[in-house]
Amino acid sequence: MISLIPLIPLLPFAGFVVNSTLGKRLPKSVSGGLASLVMVVSFLISAYLVWQLSQLAPDERLLTNTIYRWIASGELRLDVTFLIDPLSAVMLLVITGIGSLIHIYSTAYMHDEVDGEFARYFSYLNLFAAFMLVLVLGSSFPVLFVGWEGVGLCSYLLIGFWFKKKSAADAGKKAFVVNRIGDYAFLLGMFALFAMFGTLEVRGVAEKVAAMPPEAGFGLLSLATLLLFIGATGKSAQIPLYVWLPDAMEGPTPVSALIHAATMVTAGVYMIGRNAVLFSHTPDTMTIVAVIGAATALMAGTIGLVQNDIKRVLAYSTVSQLGYMFLAMGVGAFGAGIFHLYTHAFFKACLFLGSGAVIHALHGEQDIRNMGGLRKELPITYWTFLIGSIAIAGVPPLAGFFSKDEILFETLAHSHTVLWVIGIITSFLTATYMFRLVFLTFHGERRHDAPAPADAHGHAAGHGHDAHGHGAHGGHLHDAPPAMALALIVLAIGSVAAGWVGIPHAIGGSNGLHAWLEPSFTVAGAATAGEAAEPGLAGESEAATEGLERTLMVFSSVVGLLGIAVAFGIWIKRRDIAAAWARSLAPIHTLLLNKYYVDELYDATVVTPVQAVSREGLWRGVDVGIIDGAVNGVATIVDAGSMVLRRLQTGSVRAYAGSLFIGVVLMLGYYLWR
Amino acid sequence: MPESLLFYVLSGLAVGASALVIGQRNPMYSVLLLIVSFAALAGLYITLDAPFVAVAQMIIYAGAIMVLFLFVVMLLNAPQEDAAEWDRTHPLRRPGFARIGIVLAVLLVAELGWALAKVVSLGSPVGGRGDGAAISSVREMGRVLFTQYSFAFEATSVLILVAMVGAVVLARREGDV
Amino acid sequence: MIPLSHYLVVSAILFAIGSAGVFLRKNLITILLSVEIMLNAVNLSFVAFGRFNGTVDGQIITFFVMTVAAAEAAVGLALVIALFRGRESLNPDAFTSLKW
Amino acid sequence: MFSPDLDAIVPMLCVTLAALASMGAEAFRGKQERLPIGGLGIVGLAGAAVSSVLLWNRSTSGFGVIQADNFGLFVTLTLVAVGVLTILFSAPVLERNSIPAGEYYALVLFSIVGMMMMATASDLLVIFVALEILSLSVYVLTAIRRDNQAGIEGAFKYFLLGAFSSAFFLYGIAFTYGVTGSTKLSAVGAYLSAQALSSNPMILIAMGFLLVGFAFKISAVPFHMWTPDAYEGAPAVVTGFMSTGVKAAAFAAFARVFLSAFEPFKADWAPVIAVIAALTMILGTVVGVAQTNLKRMLAYSSIAHGGYLLVGLVAANDVGKAAILFYLLAYSVTNLAAFGGIALLGARDRANDELRDYAGLWHSHPALAALMTVCLLSLGGLPPTAGFIGKWYIFSAAVSAGYYWLAILGMLTSVVSVFFYLRVVVMMYMSERGTADVPPRVAGLGMAALALSIIAIVYLGVLPTQVLNVAAASISTIF
Amino acid sequence: MLLTLSWTLPLAGAILLAFIGNADGRRNAMIRWAALAVSLVAFAATLVIWARFDNASAEFQFVERVPWIPAFGIDYYLGVDGISLLLVVLTGFLTPIALLSSWEGVDKKVKEFSIFILALEAAMIGVFVSLDLFLFYVFWDAMLIPMYFLIGIWGYDQRIYAAVKFMLYTMAGSVLMLVAILGLAWMHSEATGSYSFDLLKLYTLQIAPDTQRWFFLAFALAFAIKVPLFPFHTWLPDAHVQAPTAGSIILAGVLLKMGTYGLVRFAFPLFPVAANEFAPWIALLAVIGIVYGALVAMVQPDMKKLVAYSSVSHLGFVVLGICAMNVQGVQGAVYQMLAHGISTGGLFLIVGMLSDRRHTRLISEFGGLRNVMPRLTAAFLIITLASVGMPALNGFVGEFLTMLGGYLWNPRFVVVAGLGVILSAVYMLSMFQKVYLGEVTNPKNEKLQDLQPREWATVLPLCAMAIVMGVLPSIFLAPMEPSVKKVVQRVQAVRTVVAQATVPAVRAVPAAQAVAAVPAASHQVAEPR
């Protein structure tokens, strides 16, 4: 029987092929419609397959389909095999589901682009979906890597979609290059795994590693996992490779929502989840993952607090939330991490699309200092945005609450107290900056009129919103058009309800997601090893744990609400406090505003020196100077030797005779004196 | 011993005359001195039981060839060496250069002498092995020349022909074809 | 009797004088004469060796040498004349248009 | 045919008769009459070729001093090729420069006689006489353009140094005769092999002096100084002739003397020749780099080629001996063709032999440029040409004799030499002609000769087996 | 006959073209078509070889053997195995593209141009199919001549310098190889009594380790220059930059592979002991080259130079894979050769199109070309990504396998080599951005034409191949695997022995003893005198 699995990525790919080749000649409705249609169909197939999967016994939940042998060399046998297990099922639904919504949203958002560009946009978007699906479906590291790099490519293309704008092109390149650094580590990690296990199948590696005890100390295995994790830090924007993500906001907003919030950036988290068995055998790496995750969460949260670009705030928020996920992965709470990934996809996509609606309405304005009071004019946007914000702030019973809470609980439960404290602080910060955003954008007074059409033309040229000047007079703004509204509303609903699949036992839930995912994090038949790897709460009683969990839930809810309250206090009640604090804490404020100067640091320590050394040292110095100098030097020496030796040929016959005579005397001398 | 005295006198004459040949600025004197040298050599040939060679030496060398030289010297009418106007141009052409020639010549003599000194058999008298009368016979010489050396003899005719043609070709004035 | 080596030494000295003459003199004709001295020196060796070996070959070879010397002289002098016509000089150092 | 004595010298006789005939033809021709005198030469050479082929494998000996063995015959045939090509290239040159054809051809043929004699002689005295025959002819040929002072100057330098070096050579013969009592190579060899190894300094001196004589003729460093001047001064076609014929003859005699008679003293001469070979290769190529006159450049190149040939001599094994023969043939054809090309380009008042005269030749003389390029590539030792096979053969010999350093040095210098060959190619193909005066159209006969040489070069480069086998067979008979 | 046909076809074409009179350029069009037809037929011939190739066999196939110079055991001996097969096909594939690429760019002396390209193709195919070392060397050197003319006549302003440098540099390396070849043949005659240049016979020759070292170095130097390996690479930027487009395509596409091919086919298997000793050093140079080439490429103002230095970097991966001498490494290396041929050929092709249009190759002269020539941009992007090593395109498979092989051998090299992966993205994307993205800043660029039909015909096959090779690499990997395994086994056999022998004192034990440990090698070890 022909499997349906390959169709999931192939459909979007087909959309890409059609749109990229014929796109110019298709009307927008056809190209956009086609792109959305393939995504929806893909979603439906995914849903069908996931339903099939759920019909199986929990231990047998595995659908695979080997398509062909990709690379065979020596003992290396790489098949293109697609695999659906509970983990990839979740990812599939998120990608195709949210992906469909964002495609639909985009048909409206990008409507102002000319036909060719419009089709190009959708072809990239479809290609992205295809690669993302390959990433989650791939059963081996290299196939995963195909998707991994493929989404990076699409990210590059989409960030730089408005290629005429230098900043966009720069951002795209930066994203690609920074990701490449991670990929470099990822490749090395793969090699290390192959060297150790002789296979690059994820399950093959897991089976072999499951038979081993967890690695004590930092050995080869830890190194391999650490390398994989570095790859993940690139893709998922963690310290130290997070720098590309904020810049990536140069891309169209739906792209930010899809790629840089909901799906691609979570690939790192997914990858660790996919290799849960492997990672749980390397406690040292796990600690590093957790620490990096927590640190990223905190750092991004602090930066998010002061940023003024609506998308940048969301970007740092994404980085921060990704930090949460890694924290979860690092402490061994894989289920919690994936849970957060899943809920985050909803509310962050919702927030990004909401911000897109705002920007759309304001014809490209992104600075929140120029917004305010949009609540009344953009009600749909406002309400969905608000729901998303509450969700991310972790207020029960919205989606974010459950997932974030589980992470914090697991962190504490695995006795990472410091990380837990950081998590709590970040949670507080999250609530604060999100509501700062909400309040500054939607509440208060309008601080800026929508720009006049002529102005819009110049200002937003790069964004392609220039043709949108029809309703821009007199400050009357258009709320999201139907396609956008649909996406917003569906996502808002998701932000509310998505968490309900994982209500913990502690408060009477079933934590269905956790149970669903569990088989993906263990190896069938080697469950004991997997179990042993989790230094959990084996010794404590179930009741005590649940008690702790309940306490923490209350605590974190309170923290979230507190954060909202603080935001309300500062940005609604006493606007002057913010300014005063910014003044009194000027150094810190500047530091945060400039994102800890990390970009500048990288520039000064890596980019500039490498450029300078390459140009002056290697190229002009070593290459042209020394090496080519030596080569040409040989020629010069021969030439000089020639000029010298030819001078011996004086033209004087007596000198010639002398040469002859000297030859004779020397030769006889040699014979007689030797 | 008169024989050795003769040898030394003749040798001294030959060497001295030759040295003077190359010590002369005037080519005319050089040619004449060379004739002296050749005559002394002819004398040495006689001491070596080679009277026919000695005669040929006088007739061919001193007579024919040297006369040819004299003709040319007189034809060109350039008795004196040119002033050393080129001498200033290149260090290798300075008089020091001539000194190098002398040094090399001395070295060559030294080398040859040393080599000869190392060969014991050469110390034996020159007439040690053969019969002097046998080799001084012109008949014997003629026999060998026209049997063993017949080819070389014929080849020499080609050589002379070449020299003749060559001299004609070279000496002919421009224009006469 | 005079040892063979004496003759050979005389021959060597004459040969060396001849070869030195090529360097010392700045007159083409004298240089040609120097070459003649060298050939004669060799002749002396031939005759001496011939006497020593007791064969007539040495003497016969001298005839050939003389012939060669004559032929060389003819060609050489013709060249000298041709040279002199062009440059009105017999100084070998005058003829350095071909060099390097 | 005739008596064995005469059989052996039939090739020489044919050429001698042709030479005499051309002299006679010149003498009896009318003032403005044009006679195909060159044709007489070709007939004579053809006779020599035919008789050589008939003598093949018979190892005839003549008068006790001429050995018409395969080795000598191979060189004879090479010389025939040299002669034929020279005559073909000469025809247009003689007419252009109003050189007396009769004397010219006679001298060329006489010198070929001398060369053949040298190649087949087995007696030091005959070698000496032959050497003088060919030398005197070549001196005169060098100066054959009496309106050209450079030619006379070159000829005189060549002559004076030649006389100087023949004196040394003769002295060497004297010592050989003194020690061994004979000038016949067989007798010398027999005596020497009976001698204890190199106890007698006289033998070493004899060997050294003989070496000087040969080294001079093949222009080995430091006895090479005459070469550039004489080659530059002589008319191009004569240069081609003497750079190949003289070298071939001298090498044949060199090999015969040193590889047969003086074989027992190989341990003594091999290192000296090795050093000379190395110096020759280095100097020839290095100085060639700076030359701007094509003839002079090729003069240095032919010095370097002499060095490669010496490598074969040093190797002194069967491969080496055969390699010398093959290389001589390949080199002769190639070098002669190159000089022929230069000669063809010359005008009456202008030699057109400066490098810059070749600028843009591709556009004005495409065929000539292409043929010259093949010559130059062959000289540089690039496949698929005769030069490559020759080099490969020579260095193969060096390697199998253990002279890796010589092989490597030879290879490296050949790379340097490629540099200056390429300069000509660069000029012809990649530079635009600056001045307006384009070289004249070249004569058809010359082009035919050039094309013939090129065919030979490519044939030897692609299908060398036949000739290699013959060369290999040639050496088996005597050494 | 197929192999003979594959190289004589273009040669015959070249010779025939020589007889077409075209002094006034009137027959240019006809000559172009004729040359293209010849090259297409030759390509077809190579495809037939591929089609009839037996993938399962490690032996040489289509073997042809005719005595050539019997006295020296030189044969006209041809054959292909999995390693050379695809290189032959690559040559056949790139030549028509090269001809097409210069359809309009070359307008002077079209006949000669076509002749040289076809002659070059003949020589290159000859190099890949020769199994006789002498024959190989003949082709190896003969190849220089047409390339020299191509650069020197139809190149850019510094063409003469570049052409001469190319020729001399390459020759300087290869003459030492010739000496080593002669030495090998002589050793064969010492051991068996007859000369032989037969590669397969020479494989069986037992060579003393000391000799192996010298010979290996001689071979390796020749190949290192051709590759080119750091620090022997400086001829490459000059030659690449100055060569006409067609020359650059062939130079980058095929010529450089002759060096790496030589390493796999000759240097390593002929001298396994020395190869194992020197492999780390060569790999070190390769790795330096990877990073160095990338860094220098990053700062080039000239597009062609940038691509040239990128070749230095990419070829480093190939050499690294070869040095690893395991199946993955070598297979990856061969694959990378093919991939690099396609992608760098494509880069030069497109850069050539730009330079034909604008007569400059300076990056700063361009900008925003995507606005005026979107199709060309798309093609360039695909090729760029292929070059960068994007998975699912051709570059990835080779890089992945070579690095994997390298890692299995010695991870340290791969750690450094991997930086090339990052840097390649930096320089390629920088160039892409500067040339294609942004607004059109230079008014001269406003009216540039997008791809013409003829150009489509050159770009499309390359892009298609880039994708096919990335998605279906097994098509290409399958034929080469048996042959690669054979080579690897040969070299590895010695490596394990060396490893065992050197366990007690890692560096102190000379490899001589190691060889002595091989039973078969203990006798008849030929020493050069």
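Order of writing sets the labels: A, B, C, D and E. Residues in every chain begin at 1.
Just so it is clear, contacts are C-beta pairs under 8 Å (C-beta built on N, C-alpha and C of every residue); 3 or more make two chains touch, one makes a residue touch a chain.
Just so you know, these numbers come straight off a predicted model, no measurement behind them.
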Intersection of contact partners for chain A and chain B: C, D
Identity of the chain that, by mean CA position, is farthest from chain E: B
Most widely separated chain from chain D, with each centre as the mean of CA atoms: A
Most extensive contact between chains (C-beta pair count): B-C
Centre-of-Cα separation between chain D and chain C, whole angstrom: 26
Inter-centroid spacing, chain C versus chain B (mean Cα positions, whole Å): 5
Inter-centroid spacing, chain D versus chain A (mean Cα positions, whole Å): 78
For chain B paired with chain E, centre-to-centre distance based on mean C-alpha positions, whole Å: 68
Chain D: positions in contact with at least two other chains: 125, 129, 132, 136, 139-140, 143, 146, 156-157, 160, 164, 201, 204-205, 228-229, 290, 416, 419
Residues of chain A touching at least two other chains: 646, 649-655, 657-658, 661-662, 664, 668, 672
For chain B, residues that touch 2 or more chains besides their own: 93, 97, 100-101, 104, 108, 111-112, 114-116, 119, 122, 148-149, 152, 156, 159, 162-163, 166, 170
Category of the chain touch graph - line, ring, star, complete, other: other
Touching pairs - complete list by chain label: A-B, A-C, A-D, A-E, B-C, B-D, C-D, D-E
In the complex, chain D residues that touch chain E: 366, 377, 382-384, 388, 392, 395-396, 399-402, 404, 407-408, 411-412, 414-416, 418-419, 422, 425-426, 429-431, 464-465, 468-469, 472
Partner chain B, residues of chain C touching it in the complex: 1-10, 12-27, 29-30, 32-34, 36-37, 40, 43-44, 47-48, 50-60, 62-64, 66-75, 77-82, 84, 89-91, 93-94, 96
Partner chain B, residues of chain D touching it in the complex: 9, 16, 23, 62-66, 98, 100, 103, 106-107, 110-111, 113-114, 117, 123, 125-126, 129-130, 132-133, 136-137, 139-140, 143-144, 146-147, 200-202, 204-205
Chain A residues touching chain E - in the complex, by the definition given at the top: 20, 68-76, 116, 142, 145-146, 148-150, 153, 156, 160, 163-166, 169-170, 173, 176-177, 180-181, 183-184, 187-188, 190-192, 194-195, 610-611, 613-615, 618-619, 622-623, 627-628, 631
Interfacial residue positions of chain B with respect to chain A in the complex: 90, 92-93, 97, 100-101, 104, 107-108, 111-112, 114-115
